[in-house]
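Note that chain A is present in both complexes that follow, paired respectively with chain B and with chain C.
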Partner chain A sequence: MRKVPAIIGVYSDPDIMMEAADGARKKGWKNLDAYVPYPLHGLDKALGLKSSWVPWVTLVMGLTGASLGFTLEYWVHVINWPLNIGGKPLNSWPAFIPIVFESGVLIGGISTFVAMWAACKLPNKAPVIHDERFTDDKFGLVIPLDGVVPADAEAYLKASGAEEVKHV
Partner chain B sequence: MHATVTHIDNPGPLSLTKSLSNLFMGLIAVGALAFLGGVVAEPTRAWQNYILNLYMFTGFALGGFAFITINRAAASQWSIIPRRLAEAFMSFLPVAFVLFLVALVGIKMSGDTIYSWLGSGSGVHSPTKVAWLSYNMMAGRNILFFLIWIFLARKLINYSVVQDNGQASDNRTAAARFSIAALLLFAPTYAFFTYDLIMSQEPKWFSTMFTVYTFAGIFQSAMALMVIVFIKLKNNQLKNVATQSHVKDMSGLLFAFTIFMCYVAFSQFMLIWYANLPEETFYYLKRSEGGWLMIAVFTWTLKFILPFFGLLGQGQKKNHKWLMIVCWGVLAGQFLDLYWMTVPSHNAALVPISWIELGTLAMFTGLFGLFVSRWMSKHSLIPVGDPYVLLSANWRFWE
Partner chain C sequence: MSAPATEQFLSRDIRLGHVTKDIVAPTERMPSIAWWIAFLTASGMVGIGVVVIYILLTRGQGIFGLSHPYGWAFDITNFVFWIGIGHAGTLISAILFLLRQKWRTAINRSAEAMTIFAVMTAGIFPLLHTGRQWVAYWLVPLPNDRLLWVNFRSPLLWDVFAVSTYFTISLLFWYTGLVPDFATMRDKAKNFLRKKIYGALSLGWTGSMRDWNHYEKAYLLFAGMSTALVLSVHTVVSYDFATSIIPGWHTTIFPPYFVAGAIFSGFAMVVTLLVFMRKAFSLEHYITIRHLELMNKIILLTGMLVGYAYLTEFFIAWYSENPFERYVFMNRLTGPFSWAFYIMFFCNVAVPQVFWFKKMRTSIPIMFVISILVNIGMWFERFNIIVSSLHRDFLPTNWDNFSPTIYDFGWTIGAFGLFLTLFLLFVRVFPTVSIAEIKHSLPKPADTSKEGTHA
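Entry: the complex of A and B
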């Protein structure tokens, strides 16, 4: 979990929280975070989150898997155990394509799964729960007190419509 | 964050500039001259190109038709604002019908040089095909197909246009039901239209996957053209209602059909390659010899490699300049693909694209552009009266 102390505003309306997050980002406050009970479209933009690096893992590992699949088939059919099948050439690439596709999907999929765990820092044995209501019907906006004056952040959250403000 | 749109000003019909309509007129004039010159000099080649272009541009109209009916049937809301553009494409169908009647004259004139089955039956290896592949039968059923499409298109356009004057009655359920019926009618009519116009140029060859492949092609190219026009409109008259999410979703459909097209093309090719039956493989053999392989490589670069890797990321689907490159590439690929499917039937060696090809393409581009833009200048650019148009204007999932 984060090392710096933070301040959390508790909201009951997701739209108001999104507006508050947008305003906080425009103030130049960094590393904003939010706890919400369900996915909110547009929240990543409001918090100023960058695109995830996970798709790049999928792309690179998918292409790697595809070329590994082709290498395997080429090695088996051309180098290690050449067999004449129906008079076709040894390197019968059209017949290899389905396997190339499948191995690309397999390696790409598994790598994405692993990368996703890494990106979410899972498994997390001691999750910090700031407020149980964030899993139910409340929305929390986290402002790390990293170069931010606590009184400023508190005043801002209250002014933006937070029902309560917590220090964590 | 974004402000929610609560009111839409009617952007009105397309303000068609004189220079644009002059450009289309010029294309028609130059193209028609080149085409007529071609009819005199090399009639078979000219008419073959005419049929190819007729198919490609009817394909844009039918792609618009598919876009509307699929979205209507799924009751999708994001598609309401771009829908009018697809309706404009669809309005080309009556013109395409007239152009098809001209093509019938050309087919009659060119004897058995384009469709070898028109000769004394020598081109057909199966006696059961003789009745089916005869001039009158072919002309009759395709005229019927066009009439069906024109009827369906008129009705679909009417569902949308009738709301424009502000009497916003919600006809979504009726339109959805009609669209489902229209799709069911579209599938066989489109399939036989393609068998007749394109596949029967090689009458001894058969593939049941063929029309699935060509449909993926026309839908892909229609989406590419829609993205191009929509971006132009978004920068001008639709500035306040068209969103990045519309662009992104249409290019998403283009991307999806790129994959589908490749999948179908490959499954058609691989089974024929693997079974290795002479009555099937000759199609691909003809098209990979005598320089034709080069066209195939170009086609696949433009139609698959470019849009697949070019639209894989989310950011790429929002970059207008990049989208223009990809979409024009797909359109060029569609032309080359049809060229590769039809011209090798009668030419063992590569026929380089020259003034007849470019002229006929210019003529059809002009005709399509002129009639579609005229239609757009007579109807509002978005379905302003649709009760859900605000929802579509607020479609900002991906921003």
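Entry: the complex of A and C
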């Protein structure tokens, strides 16, 4: 998506940009994006973004981590090195719970971290920074020019309240 | 602040561009004389700690005041104290996030930094306390030629897992929060090296909403996991005591009592450090008196929770009809370490009551003094639990009085030095307030026509 030439409208007011994004989506323009200094609530819907898949990784890896924790404990204390302590059961699962919990959180957490950056395609050694103000106080609405007439997009952005329009 | 609305923390005059400039500014100028004095003092304290550790490694555990029956004293007191300090950061970053308490955005970054540094400081103590530090890796379940495994049923091993998980997840959570701010710093940097370093730290973050979409979900998940960790870590630490059969330790109240105490001491430490930080870096508009006041309210609440726990312990000791249990608690009130008990009770239960008064909650000198007293009180709480329970055990022939050596004091000082050194370095090079998050919680400007004049 980023290789396609695009046109960016620069806004100062997040609400105006949000309306512009909403309008652009309704026009049927695809692969919209925005550069924002902080996440705007509702912008994901305005741009037509799907819900993130990262939570599925957390769920699956968290459960995997917990199961691995329990498997290790069971294997060590019941199979590999059973110790009879006062006739207590070898599979004393209540005493295994804290480590099941911790290994679930640990593996779930590390996987979430890795999955999130993978989803963002980061780390990126040479990020394309269109405008240094987008991490400061400006909001940029990106309209990729595949199938969109550049003049239309430019006119739309200007009409919607963009202060500047950039071709990238 | 003009016309403050009831729920307004930040001034309407603050614009997005101001936030970036104000928060990045301290990292762009040369450190002040005051910073150098603080840094040199703190690293001098680290030096003392390093000397003690060197002597410990060359001469052994005997340099400390430890003996029978008190195998634990300053080391584990310091461990529990520092782990506790970390809890405020996690509470602020995770639980307050899930509860949508927007005021947390002003303080979460620095409090999370304290979590990381406190856990690092805490970790030193059990590792060195193991005695044979060169085989400390035996704590981890690794396949080995001794054909032995760790005991997964032992609370001491749960502790290894709990603390290492806590540290890892807190660090990932903290770093995740920092990435967009590093990108802001990279884009603001004029200096080549500065641009490169913050650029690398920012992983190439551009602020694309497609990235924010994943980022926000992951952040929420981290908050959820950290919430579970706030409640679990000190619970597991308390199991070290509660699952033993020592009177004074063997009680079911320990997990909630430890968690409340951890949050109590952690908030006190946050107040202690923020009072200085906001002044030194002119962040008074971001970390306002109202933020500090809310933290003081939490200190008041958790102070009463620990007070309630102290009284419950006494009641249960009496109610148990167990002579050993009763003796331990009588010994706390009247024995050779009763002074530690009274310091603890005064600092943790009596002193925070001052915060019932708004005037006191909003006075910087008062809250500073109280936060220091709470920290002292909480250190003595752990000392009290550990030493006063151990020094007189079941058989009077075993009884002995613990007396610390200079080495005990030395590495305690070293720990404070390490924590402060790391914190002082943090405030110089990292954004001390979460830039992206505070922009998010900024109130709408009263007059939008001025917006953009400072781009």
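As a working rule, the second predicted complex is superposed on the first by the 166 of 168 C-alpha atoms of A that agree within 3 Å, B and C clash if a C-alpha of one lies under 4 Å from a C-alpha of the other, contacts with A are read in each partner's own complex, and residues count from 1 in each chain.
Here is the rule we go by: a contact is a pair of C-beta atoms (placed from the backbone, for glycine too) under 8 Å apart; a residue touches a chain by one contact, two chains touch by 3 or more.
Here the structure is a predicted model, which means the values were calculated and not measured.
Looking at the superposed arrangement, the partner reaching more residues of chain A, out of chain B and chain C, is C. By the touch criterion defined above, A:P55 reaches both chain B and chain C.
Look at A:D22: by the touch rule set out above, it reaches chain B but stays clear of chain C. In the superposition on chain A, contact of A:D136 is made with chain C only, not with chain B.
Once chain A of one complex is fitted onto chain A of the other, the partner contacts of A:L47 are limited to chain C, with no touch recorded for chain B.
In the superposed model, A:G86 lies in contact with chain B only, and not with chain C.
Legend: residue contacts after superposition of the two complexes on their common chain; A:A95 is shown touching both chain B and chain C. Counting contacts by the rule stated earlier, residues 51, 55, 95, 98 of chain A appear in both its interface with chain B and its interface with chain C. Those residues of chain C whose C-beta lies close enough to touch chain A in the complex are 15-17, 20, 141, 147-150, 152-153, 155, 157-158, 161-162, 164-165, 168-169, 172, 176, 180, 183-184, 186-188, 203-218, 221-222, 225, 228-229, 232, 236, 239, 435-437, 439-440, 448, 451-452, 454-455. By the touch criterion stated above, chain B contacts chain A in their complex at residues 1-2, 266, 269-270, 273-274, 276, 312-315, 396-397, 399.
In the complex of the two chains, the chain A residues touching chain C come out as 12-13, 33-40, 43-44, 47, 49, 51-52, 54-55, 58, 72-73, 76-77, 80-81, 92, 95-96, 98-99, 101-103, 105-106, 108-110, 112-113, 115-117, 119-120, 122-130, 132-138, 163. Across the complex, chain B is touched by residues 18-19, 22, 41-42, 45-46, 51, 55, 59, 86-88, 94-95, 97-98 of chain A.
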